[in-house]
Amino acid sequence: MNHSTEVFTLSAGPTMATHRTLAALGQPIMYHYDPVFLETFGRTQRKAAEVFKTKNDMLLMQGEAIVALEGAARSLTKPGMKVLNLVQGVFGKGMGYWLESFGAELHEIEVAYNDAVSPEAVEKYLQENPGIGLITMVHSETPSGTLTDCAAIGPIAKRYGALTLVDAVSSIGGLEFETDEWQLDIVVTGAQKCLAGPPGIGMVSVSPAAWEQIESNPNSPRASYVSLLDWKEKWLEGGAFPFTPSVSDVHGLESVLDQVLEEGLDNAIVRHTNAASATRAGAQAMGLELWAASESIAANCVTSVRVPGDLEHLDIRAHVRAKYGVMLSSGQGAGNLMRLAHMGPSANAMYPIVGLTALGQGLRDLGAQVDLGAGIEAAMSVIAQNN
Amino acid sequence: MNHSTEVFTLSAGPTMATHRTLAALGQPIMYHYDPVFLETFGRTQRKAAEVFKTKNDMLLMQGEAIVALEGAARSLTKPGMKVLNLVQGVFGKGMGYWLESFGAELHEIEVAYNDAVSPEAVEKYLQENPGIGLITMVHSETPSGTLTDCAAIGPIAKRYGALTLVDAVSSIGGLEFETDEWQLDIVVTGAQKCLAGPPGIGMVSVSPAAWEQIESNPNSPRASYVSLLDWKEKWLEGGAFPFTPSVSDVHGLESVLDQVLEEGLDNAIVRHTNAASATRAGAQAMGLELWAASESIAANCVTSVRVPGDLEHLDIRAHVRAKYGVMLSSGQGAGNLMRLAHMGPSANAMYPIVGLTALGQGLRDLGAQVDLGAGIEAAMSVIAQNN
Amino acid sequence: MNHSTEVFTLSAGPTMATHRTLAALGQPIMYHYDPVFLETFGRTQRKAAEVFKTKNDMLLMQGEAIVALEGAARSLTKPGMKVLNLVQGVFGKGMGYWLESFGAELHEIEVAYNDAVSPEAVEKYLQENPGIGLITMVHSETPSGTLTDCAAIGPIAKRYGALTLVDAVSSIGGLEFETDEWQLDIVVTGAQKCLAGPPGIGMVSVSPAAWEQIESNPNSPRASYVSLLDWKEKWLEGGAFPFTPSVSDVHGLESVLDQVLEEGLDNAIVRHTNAASATRAGAQAMGLELWAASESIAANCVTSVRVPGDLEHLDIRAHVRAKYGVMLSSGQGAGNLMRLAHMGPSANAMYPIVGLTALGQGLRDLGAQVDLGAGIEAAMSVIAQNN
Amino acid sequence: MNHSTEVFTLSAGPTMATHRTLAALGQPIMYHYDPVFLETFGRTQRKAAEVFKTKNDMLLMQGEAIVALEGAARSLTKPGMKVLNLVQGVFGKGMGYWLESFGAELHEIEVAYNDAVSPEAVEKYLQENPGIGLITMVHSETPSGTLTDCAAIGPIAKRYGALTLVDAVSSIGGLEFETDEWQLDIVVTGAQKCLAGPPGIGMVSVSPAAWEQIESNPNSPRASYVSLLDWKEKWLEGGAFPFTPSVSDVHGLESVLDQVLEEGLDNAIVRHTNAASATRAGAQAMGLELWAASESIAANCVTSVRVPGDLEHLDIRAHVRAKYGVMLSSGQGAGNLMRLAHMGPSANAMYPIVGLTALGQGLRDLGAQVDLGAGIEAAMSVIAQNN
């Protein structure tokens, strides 16, 4: 199997891109100071801000979204400052290691990796621990498929005088997200999840309060690939690139932003919701158990199911890919689970059917009891209602 | 719905192309006398002959395959000659109208459009009607999804001194086809069916005996778009194009020939067979009836099912496309039937599942009784065994 | 040399396509009855009519433009009718052979292949030869690079009651052309010349008077690949395709029509004019002689120059391609001449410089006296004035 | 002007990509743990090593090449170590600022930005200043178009026990470069210069001695976007990506490596040499002065010329782009100069002519005295000899 029509990429990012996105990535490469590219870059920034629903500054950082997360965390963390890190999965955990190594006094609220930190717990912690300057959280924990309630936590943070840094890598473009309405200071996303774009570019929005903190932080990276300040001082204020931007990735990014804006963000969110509903209904009707402790904290960009019996997630992933040409994601550190993503194009009508059928039959091939027919009936019933 | 990842094209041609094919169609357009294009054109002819399994001359004719069929039929038909036309579907029927208008004395063996003319019937007819100079037949009647046994009829024709003209438009590249082994004189195919290429180019192989007939026929088109002789005299013998060839379509065609040759024709045939088997098993388990009178004459490139109850095929096609983003084919003159194609990439593992699920649920939406779960179980069982 | 950036295609069609056109050709292939494609096809027809500047019916015929020319000539020619064919080059000459073979009583005005038939000569002929039912002419004789004055001849034909059939294959999209204003009945063009599209699709506009003639002509092709009537009766009147259209070519065609309409037809015409002016100035300053008898009849889509000394055009074409990676056109039957085309993208600022430099140095390599520096100075002087 | 065929990108990177490269960038996006992508990534690493001519470890770092330069410089610099930085241009100067900020004891040999640090000067410095642990240099200073003699300096460094870190961003793939033969420890390049690929990916080769230094350096970045160690420990040794790689950029990178390896590195080097020779000859014959102090230190990837009279480089760049559709580079900090690049496809026959003509006429438009004709004559004379 080696051509794309033979593989269904239903993984949790990078995910399959539309043909339009691929065509955009293959556009002629221009000089970065070509007047056409300068316009393109600025226009793409503005479209990204529209998708973030923010009036804050928007930076397009060259690299996988983690470059922007690292840059933001380094830039915000003053030595010795109190930072509250919310942990409900692998990415939240990793942020804690970073914060400590950047010199923060680390505070954490940690729950099981199939659960979510509640806004109430956050508020209680802030009451009991005055002086927290920054709260870090992951909106959608991709490896577990769970959500954090940023809509509630953002305003709480503001009330207690803390800045917020949100990893929204796998949510923006597919899940509801309101940067300004939720009062979030720094928000980071990537192109390769719900936007279904290339993995080589990150986006980060920065509020005036966050800039103030960054500029007053002696540890903020400068003259560095991970520097937010370089982009602000050279590009936003001076019109010069700190280094050559990735022309192709900007083309790809503009295209996926165009696509979601043309579809309408609200429509895209409904589409992701429907795909997740169908998948959850199908998986449960097949006899599989959802990973998330409750449906209310299950993210609509990726459905995680517990691996049944004594099977191993990596074996299942390899078997389904090899035998049925369907690329799913496995647990990636969060547990023995399998993930069917609903991101961009894969959050469309028939993809949940493809994913459920391949997973169900694959599990059966490996010895599990699966009621495939019932699963497809249940999923199609949801799809028929919603489409 | 307007981007490709939102539509599954499971129609009976044009069918979905691989990304590699699309990239080939988008290659830079060269001048037709550029030395690189001259090499490309010759190489593509040779690859087409390899896929036809023939040592006969190969012409690449500029237009949908029907341009080659018209050219071949006009070129072979001398005024007043006896031609036996085998009719088991729409395309066979149409050939008869042509033959008469071109001046032939028309003989026909016609069966119902869900049946096939048997080799025995052909032999009997030839015994009883001496002097038949040409037999015309359609290997795979796409609108009904049925096969003609060209492997048997070719040698019979030779024994009775008749030339053969075979419409193999929807079979070559996906079904077993042996031009020379089966002793066929003129064979025509297109790129947009099992080869999953662009619809703008036809291929035609011509045996020495056929050329002799064509050259001695005063009615053979010359200086015409449908002329086979122009291509022979100008291009094959003189290295000059009779008119500008479609550079892009040749690029697309070479790519699909490469793809099937790299995969191996035998492997491609097995793949089409497996997709058809899964689809037939699934459709029947859902409670649907196959259109073909028997499985032995069902073509592996497209599965036709009888429309249940008093539903109408065009309504079903429109509903399934609008609601589930799956483009199926309907009857196209052969009857009240729906068709799920297995052509090129759509003859891969999970596409039969997509087609069956969308069709099954669509029929149910419109009021039919369909056991969707049983259908998917049956189809996946076949796929699990064969993959 | 094997990748496109190593070859400058400055030939007289097919010519280099823009990246946008190539991307359009590589769009996903849809089923021809997919609702999205049905809309695309109709929209493309309307855009073609806009480029033709006509309210007449527009047909998109599947194949190189010559399929439409053949179809139009066959459809209009009643047995024994008097047809006046204007000959000033290879394509005009070929039309005469066709007309005779289709049963016309052939009348011709023929001039040398570097000259043009004047409107006065046509009017005089019509006065002296009453009963001419059709006048056939070639707007731009690509192999010689000369123009016919259709703007004047169209109204003359109307006054004498004759229909007109115009081969505008290499002019529409780059040269001034007014189908309705000039009162032309049937006009044919292709995509691969000034529109810089794929060579696999023709466009033809048909006036009501032409349809009347076609419908009353017993020889009009029907049920044929070259039939105009099939497209009228099945597609224009019935919404059904007479056969599968070339989905990819329609995508490519719509894109090139979009491009020229977005640029503005008038702007495109100015661009072609400027490129031709620069090239003519450069060629003459180099010491080369223009092929056209006077500049007033030189077509702005292709500049022909007389081959100097005893050199041979085919040798020059091969040498320039092999040594400098520039693909020019040679004489193609019209004489010992070399052609630098200005078609679509090649009618842009620096391409005339590339063509002139490669041709000039190539001629010099082969022994001719060429003042290369003076040629570039002269051409750039024109470009600097016009840009 | 907005489509690619209307702009000649002759800038000093990003430069124009071949159509094949663009097609590779537009290939379907796969999951990074798809078995096909895992193979692709490993294969691309090996091809990069082949182009570097090294048996050292090869890392593909996600971002513009500067991410790899920063990572390498941080990783090699132990606090207080003596580093000798060679400065002959903007990038060399910047490295010095970095080294100091990373805690090195900075030593520099600096010459004018149109000159080159000689191997003799390096050797003398090392003799006089024992204990230098690292020498940093820029093989090709893109903003000035000058070369450093790494072939000589590499072995000198080894003799004095110093590691070497070489910025070869704009040379590999177009200029002679022998990582192992020249005994270089860390070499960094990007894809967007002589390889004419996307700007989003860096490559870095690391010798065993360099790894030893990095592993023993407490300041080596870990768990960071700029970390070399992360890639070594997770990917090279563990088969797991430290973060999601840029699938599209890897596709684009493999393609450009394939292209240069198929052409042959030696052939590519000759091609760049010839383009530079033609350009230098043309510029001088026009009356322009080369920026480089002597031809022997002029880099063959970009020719810099001094701006004549009192003109300003940025004005010239803007004028030539706006009026002639040619994108050149200007000085970028190195001085009042204009640059015509020869990188990848632009190092082909006719591009120097395009660049020289547009620059020459542009300068003339702005008031300079330029003998355009003589320049083209001189350049074509070199091209005619070499092709």
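Just so it is clear, A, B, C and D label the chains in written order, and each chain counts residues from 1 on its own.
Criterion: contacts are C-beta pairs under 8 Å (C-beta built on N, C-alpha and C of every residue); 3 or more make two chains touch, one makes a residue touch a chain.
This is a predicted model, so every value here is computed, not measured.
Enquirer: So which chains are sitting against chain A and chain D at once?
Expert: Looking at chain D and chain A together, the chains touching each of them are B, C.
Enquirer: Any idea whether A-C or A-B has more C-beta pairs in contact?
Expert: Result of the comparison of A-C and A-B: A-B.
Enquirer: Are the interface residues of chain C and chain D largely the same numbers on each copy, more than half shared, or largely different?
Expert: Homomeric contact, same residues on both sides for the most part.
Enquirer: Quick one: chain A and chain C, Cα centre-to-centre, how many Å?
Expert: 53
Enquirer: Take the average of all CA coordinates in chain A, do the same for chain B, and state the distance between these two points in whole angstrom.
Expert: 46
Enquirer: Send over the residues of chain C in touch with two or more other chains.
Expert: 4, 16-17, 19, 22-23, 26-28
Enquirer: Spell out the part of chain C that touches chain B in their complex, as residue ranges.
Expert: The touching residues are 1-2, 4, 7, 9, 11, 13-17, 21-23, 25-36, 62-64, 66-67, 70-71, 97-98, 101, 190, 192, 196, 198-201, 223-226, 243-249, 252, 317-318, 321-322, 327, 329.
Enquirer: Can you check the complex and tell me which residues of chain C touch chain A?
Expert: 19, 23, 26-28
Enquirer: Could you please specify the touching residues of chain D with respect to chain C in the complex?
Expert: Residues in contact with chain C: 3-6, 8, 16-20, 22, 259, 323-326, 344-345, 348-350, 353-354, 357-358, 360-361, 364-365, 372-374, 376-377, 380, 383-384, 387.
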